[in-house]
Amino acid sequence: MLTANGICKSFAGVPALKNVSVEIRPNEVVGLIGENGAGKSTLMRVLAGTHQPDGGALLLDGKPLRLRHAADAAAQGIGMVFQEQSLLLNLSVAENIYLGQEDQFLRFGIVNWKAMHAAARRQLAKIGVDIDVRARASELTFAARQMVELAKALTLEETVSRPLVILLDEPTSVLGAGDIKVLFDRVRALKSRASFVFVSHRLDEVLEISDRVYTMKDGEVVAEHRADAITGPELHEIMVGRGLQASYYKEDRQHPPRDDIIVDARKISHAGHFSQVDLQIRAGEILGIAGVVGSGREEVTRAIGGFLPHDSGTLSIRGERVRFRSPQDAVRRGIGYVPRERRVEGLVMFLSIAENITLADLSAVTRRGAISHGRERRLALDWIRRLRIKAPGPEIACRKLSGGNQQKVVLARWMTAGSRILILDHPTRGLDVGAKEEVYELVRELSGDGVAILLISDTLEETIGLSHRVMVMRDGEVTAHFDAPAGAKPDQVDLVRAMV
Amino acid sequence: MDFRTLRSAFSLGWVNAAIPPALLLILILGIGSAAPGFLTQETLLLLLANTAVLFILAAGVTGVILVGGIDLSIQAIASLSSVILAQLVPQIGIMAFPAAILAGVVFGVLSGLVHVRLKVPSFVATLATGGVVAGIALWAADGRAITIEASGRVFTGWINGSFAGLPVVVWIAAVLGAALYLVMRYTPFGRYSLAIGAGEPAAIAAGINVDRTKIIAFAISGGLAAIAGVVLAARLSSGSPTLANQLLLPAIAAVIVGGTAITGGLGGIGRTAVGALIISIVRMGMTFIGVNIFAENVVFGAVLILAVAITIDRSKIAVIK
Amino acid sequence: MSMPRPALFGESNRKRLRRWAPALVLMLLCTLITIANPNFIEPRNLIRVANSAAVPLTLAMGLTFIILMGSIDLSVEGSLSIAAMVTVLLAANDANANSWGWFAVAAAIAASTALGALTGAIQTFLRIPSFMATLGIWFIGLGVSVYMLGGSAVRLMDPSIRDLALARFLGFPLSVWVALGAFLLACAIQYHTRLGRHILAIGGGEEVAELSGIKLRRVRIAAFALAGFFFGLAGILAAAQLGRSDAVIADGRLFAAVTAVVVGGTALTGGEGGVVNTLIGVLIVTVLGNGMILLGVSPYVQQSVQGLLIIAAVALSLDRLRLQIVK
Amino acid sequence: MTGQTKTYLTRPMARRSFLATAAAGATVAALPHRLFAAEKPTLVTSIRSLSNPYHAVWKSGAEAFAASIGLEHVTLVSEGNSEKGIADIKAMLAKTGGNMVLNSDPNDTPDARPIVEACAAAGASVVTQWNKPKDLHPRDFNPFYVSHIEFDGIASGKQIAEILFKAIGGSGGIIALGGQISNTAAIERKAGLEQALAANSDIKLLDFQVANWKSSEAYDLTGNLLTRFGDDIKGVWAANDDMGTGALEALRAEGLAGKVPVVGVDGIKAAVDAVRAGEFACTVTSDPFWQGGMGLAIGLAAHQKKFDPAAEPPDRREFYGQAVLISKDNVEEYYKTNIEAQPVLDWADLWGRVTGPIRSA
C-alpha cells in the first residue's frame, strides 16, 4: 500500500540513500535492518515526511504522494515512533499524545481538556496500558514512555480513514526484555489494523516480529527475505558481509581476573534508589550488573561514577576510602564513565575528535602549562589508527562520526587519561553489529590489561557473554551473584529468576 | 531567501571565520567612500582608541558567554572600579590600580559563586549582583562623581598618552586581547570553557571541574570590567557610580556581532575584537555620514540584526532559540 | 507490561513544595513587611500595590510566553514605547490635532503586535538567536518612538483613555482590571489553547515539537506577536497612568520584567513555569519595592537589597536536584 | 516652557499629522547631510538624549541660532553613555579638522575634561554647561575653552521649596523626589531643599527618595509614599518636572491633584500647564532654548575671534545663568510668550544672563 520507488537522498553531496525501493503491504510488519549509516533512519524520515527525497517517488495505493513535512504524512496515516525518546517531558501524557493534533478538541479556539483526556485514555486502552493521562511524561519510565509514543502514533486511526503505517525506529533500544515482549504483543495485536515498519539492530527481534525483512547496506537495499525463510546468522552475514561467529563476545579471550581488588563498595545506599549494595571488582575483571529498569543498577553505576553520591556505606578505590561528590572526584581516582547517552554525556559533539580525546586529561599534551596542538593532533592520529576510528582527520567534529566511532573516541579518552576503572553504561546501545564487535574486542583488551570494568547492558546475553561475574539487582537490592568464567557461563533463565 | 543553500555554501569552516572580518572591511570601505576624511590615519587611530574600552568589557563577557552564561554585572563593576580608583589614587597612588582591579575580580568570583553554588541562572544572578555592586558603588562614592585631582593624575596620566605611535589604551586592549586569546587557545581553562559551553553534561562526565571553570570565567569578566572601569576613570580623570552605564548592551552586542554564539561553546576573543570594531565603526560612521540623529538608534538596531544574520555560524548551533 | 507508575517517590513531594516556593516567598515577604509596618495591609495600600503591579504584570505576561519557549525578548522596552507613542499621538494630545479616541488604543496594540510579529519573522527567517533579533528590535523600536515624539513628552488628553488610570471600579483603578484581564487572557492562552500548548512544547524540545507536526515558524511568530500584544497593552496602561508618553517611558522595565518572570519560577531554559508563576513573581517584586519605601530603606541600598532578595528568592525556588545544569 | 512649542514649530511635519509622519517614519533612513564647506565652522551640540523634553528644547534653540546665521549644525547624543558621547565628539573633531564650535552638556561630570582636552588639542572652541569637575577651568585652556555655564541648583532647589512651603501654609509634611544620585544638579537642588528646610522648622521632610529623573519611577514611588504617610503628605518637591509630573499623576489617581501642590525644575510644557491648572505651585527653568542657542553663540564668537576669551573677566568664563521662575503670578504671560509663540532671543547679547561667578565650594 505504501511504496517507495527509487528514493535518492544526499546530505551536503554525500549520498545517504541510493535508489531505494521498498514496499509496505497491508497488515504486515516489515523489518528493516542494516549497519549504522546504512540509511535506515534516513529512509524512515523520508517515509515520515521529515526529509524530502532528492529523487524517486512515494506512492500510496499507487498514487504519487508528496510529503512536505510530518503533518502531511500524518494526514495520510503515516505515523512514526522515534529512535530518540521523543516525548516532551514537560507536557502531560495526553498533551503528548495529541501534540500537533489539538484541532479536534478545539471549541471556539479553546482546548477541551476533558475530551482530550478521554480520547487519550481511549488510545492507551487500545494498546492495553493504564497510565494516568494527566501525569507529566517526565514521571514515566522509559517503557511507559515508549507505550505513550505508540499510542500517539495510533491516534492517526481517528483522523485517517485508511489503514495506518506505523514506523518504529529502534523502539526496543531502551527497553528491558519484559517490556519488549509487551511491545511485540501490542504490535501483533494491532497488525489487523495497521502495517508496521520495524527498525532495530537486534536481528533476533527483527526476525521475531517481522513478516518480511529488508536489509540495507551503504544506502541501498541489498536483500529482501521472508522472515521465516532466513536465520539470524545468515542475515548478519548479508548485513555486515561477514559471519556471526560463536565467539561473538570473544570468550576465548576472557582471562581470569587478577587478585587485587580495585573497587570495593560495602553496604552503599542511596535513599530511594538502592540500599546495602556490596560490590567488588578486581583488576582485569568485568563485573556485569543485571536487572530490570528501576532495579537500581543504573543508580549504582552512577554512584560509582560520582554522579550520585552514596549516602551511607563505604566505597574504597584501591583500598582508599572515598566519597565522590562529583564525577570529577571519580575521574581523579582513575574512573572513566562511558555513558549510554553518548551524544549528551559521552562527547562534546561540537568539539573535534582530538579535543574530545584529551578532554579528561590534558597533561599528555601540555608543555609548561600550554596545550601543544601538534602533540594533541599526533596523539589523536595515533588513537584513530589504533582503534580504527573512521574519520577524515582528528580535527573533525565528533557529531559527524557514526555511533561506533563516537564510542571509540570515548574509550580513547579514558585510555588517554589512564583510567584503570571503567564504567560501561550500555556501551553498545545504538551500535550496529560490526561496531559492537569492535567494542567487545576493545573491552577484552582493556580487561586483559588489568582494567577493572563495571558493565550494565541492554541484553542479558551481552552481560553474560562479556562478564567474569554477574550481579543481579531487584528493587534497589542485590539478589544474586553468578560466576561467569569462560566456557561455563550461567543460564539466562537463572538470572531472570533473580531479576523479577 | 533560501538560507539552507546559503548555509551549505558557508559550510566550509574558513569561510565562516572570514565573514566578520570581511564585513568589517566592507564597512570601513563603505563609510570611507561615503565620507571622505574617514579613511585617514588619525580617524582610524581614533577608531581604535574609542573601541578599546568596549573591547575590554566585551572580551571579559566573551569568556562567560563561551561557557554558556551571561554577565550583566559588568557595567556596575566597571563603575565601581572607577570609584575605587578615584578614591584611592590620592592616598595610595599607583597601588590603587591593583586594588580597583582586585575588587572587580572579587565581585566576578561572587557572581560566579552565586551562579554555580546557588544554581541561580547567570542572567538573573549577575543582574542581581550588578544591583548589589551598583549600590556599593553609590555608597563608596557617597553618591557623587569623584574627580581625580591633579596630584592623582600623575598616576593615571600615562593611560591617556601614546606609545610607539599608538594610544596607550589601544596597547592595553591589544595586550589583554592577546593574553586572553592565548589563554583560550593554550590553557586547559580555555579548552574546558569551550567544552562546557558546547556540551556541559559531557564536560561534567569527563571530570572537568565545571564549577571552577565557570567561576574563573566570571572572575576574568569581573577583572576585565574593572580594568575597563580603570581606563575609563583615567580617561575621564574621575570615577562615578554611573560611569560605565549604557556600556553593557554594546559590549554584549560586540561579542555576538563577532559571531560568538550566545548559547556558548563557539567563538572567541578574535571574533569579539572584530565585533567591537564593527560596533564602533557603525557608531562612528553614523556621525561621519551624518545620519539623522533621530534615526541613529533605528540604523544601529537594523545593522545589529543584519550583522548577526551575516556573521553567525548556523552550522554549529543546534537550535536557534 | 508492568504498570508504569510514576517512578519517583520521595522527590515528588519535595518538587511540589518547590513549586510553591515563590508563593511562600511572597507570603513571607508580606508578613514581614506587615509586622514592620502595619500600613502595608491597609486596603488603600493593597490597591496601590495592585496599581503599581498593573503595567509590570501585563508586560511580564507577554515575556512569559517567550521565555517558556526558551527564547528571550529584549525588545520589551522598544515595543512598549512604540505603543505608548502611538496612543498619545493618535488620541487627543497636546502635540497634534488627532483625536481618534479608542481607535488610538487599537492602533497602538496593532503596532506593537506587528512589531512582535516582525521580531518573530526576523528570528525565524534570518535564523538568528532571539537574543540578538530582539536586541536589534529594541533599538529600532526606541529609535522610531524618539523620532515620532521628536524627543519631547506628549501629553495624553483623551479623558476616556486617562480613565484607565483615574476611574475606579470596586475600589481598584481600571488599569488593575485591565491587567487582571490580561492575566486571565494569558492563562486562557497558556492552559486552554493550542498556541499555548505549542509554545510549551517548543520550550520542552524543539525537535520533538517539529516532528510532531508543529509548525515551528508559525508558532514562534505567533508567540512573539502575542508578546507584542501584551507589551502594547502595557504601553497603553503606562501612557494612561503617566498621562503622557516620552521615549524613556519604558526605561528599566525589561530587566524588571525578566526578574519577575524568573523569580516566579519560570525557567529561562523554557518549558517550565507559566503565567501563574509570573503573577507571583510580579507581586514579589512589586511588594518588595513597596515594602522598601514603607520601611524607609535608604535609596542608596535599595538596589543592593533588591539584588540580594532576588538571589534568595530564585535560589529558594529552584529544584537543585533536577537542575544539574544551570546557564 | 518654551521648548515644547518650539519643537513643533521647527518640525511642523513631525507633529501636524501623525499619518504623514508615519509614512515618513517608515521610510526614515540614514539621510546623509550635505557635505559642508570646510572653511565654515560647524556648530555641534552634544546632549544626553533626545528622549527628554528638556534636551529637545535645547536642540531647537541650537537650531534656531544656527538658522539665524546660516551655519551647519549637528546634534550628538550620548544616550547616557559617557564613552559614546566622548567618542562622537572626537569623531566630529576628526571630521571637521577642529574647525567647529561645541556646546556640550556632558553626560556626567567627569566627561568634561576629556571633551575639553580633545577640543583644545584640535583647535575647536568649546562651551560646557552644567557638569564639569571642580578643578577644570576655562582659563587653563585659553582660548579654546571659552566658558562654562551653570544654573545655581542650590538657589533653584531652595526657591521652589520656599514657594511650596508657602503654598501649604508654612507647616506640614512633604516628600521629595531626587534625581540620579551622583548627578551634580541633583545634589545641588537637594542641598537647596535642605537649606530651605533648615529655615522652616514647621515643615517636615517625611522622606527623600530617588526617582532618577524619570516620571515612571516617580509615579510608583509617590504611590508607595502615599501609603506610608497618607494624608500627612501636604506637598511634593521634585528635582525636575518629569518626576514632578509623574508624582502629579500618582496624586491624580488618588484624587489629590490640585490638593497636594507639586513643585519642580525645568519648566517643561506639562509642568507649565499644571501651574496654570493650579496643580503645580511653581517650576523654575534654566531656559534650555537659551542654553542651546547661546552656548553656541558664545563659542562661535570666540572661535571667530570676535572676542578674546583670555581677556574676559572670570565671571564670564564660569558663571551662573539666569533662571526663570514660573508660578501662578506670571504663568499666563509666560505661556503666551514662550509656549504659544517661539521666543525671540537676541543672540548677540552674549552676557545678558550672567548672574555671577560660580561658587567654588
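Per-chain residue numbering starts at 1, and chain names A, B, C and D are given in the order in which the chains are listed.
We adopt the following convention: a residue touches a chain if its C-beta (ideal position, glycine included) is under 8 Å from a C-beta of that chain, and two chains touch if they have at least 3 such contacts.
No experiment lies behind these values; they were computed from the predicted model shown.
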Result of counting contacting C-beta pairs for A-C and C-D, higher pair: C-D
Identity of the chain that, by mean CA position, is farthest from chain C: A
Chain C and chain D: spacing of chain centres that average the CA atoms, whole Å: 33
Intercentroid distance (Cα basis), chain C paired with chain A, Å: 42
Inter-centroid spacing, chain C versus chain B (mean Cα positions, whole Å): 29
Centroid spacing, where centroids are CA-atom means, of chain A and chain D in whole angstrom: 70
Sites on chain A at which at least two other chains make contact: none
Where chain B touches two or more other chains, by residue: 138, 143, 201, 204, 294-299
Residues within chain C bordering two or more other chains: 142, 144, 146-147, 150-151, 207, 300
Those chain pairs that satisfy the touch definition: A-B, A-C, B-C, B-D, C-D
Chain C residues within the chain A interface of the complex: 1-4, 6-12, 188, 192-194, 197-198, 200-201, 203-205, 207-215, 271-272
Complex contacts: residues of chain A adjacent to chain C: 48, 50, 69-71, 74, 80, 82, 86-91, 95, 99-103, 106, 109-111, 113, 129-131, 135, 139-141, 143-144, 147, 152, 178-179, 182, 271-272, 294
In the complex with chain D, residue positions of chain B that touch it: 34-35, 37-38, 40, 42-43, 46, 50, 53-54, 138, 141, 143-145, 147, 149-150, 160, 232-233, 235-247, 250, 280, 283-284, 286-299
Footprint of chain B on chain C - complex, ascending: 69-72, 122-123, 125-133, 135-144, 146-147, 150-151, 206-207, 255, 258-259, 262-263, 267-270, 300-308, 310-311, 314-315, 318, 320, 323-327
Touch list for chain C against partner chain D, complex: 37, 39-40, 42, 44-45, 48, 51-52, 89-90, 94-98, 142, 144, 146-153, 155, 165-166, 173, 238, 241-244, 246-252, 289-290, 293-294, 296, 299-300
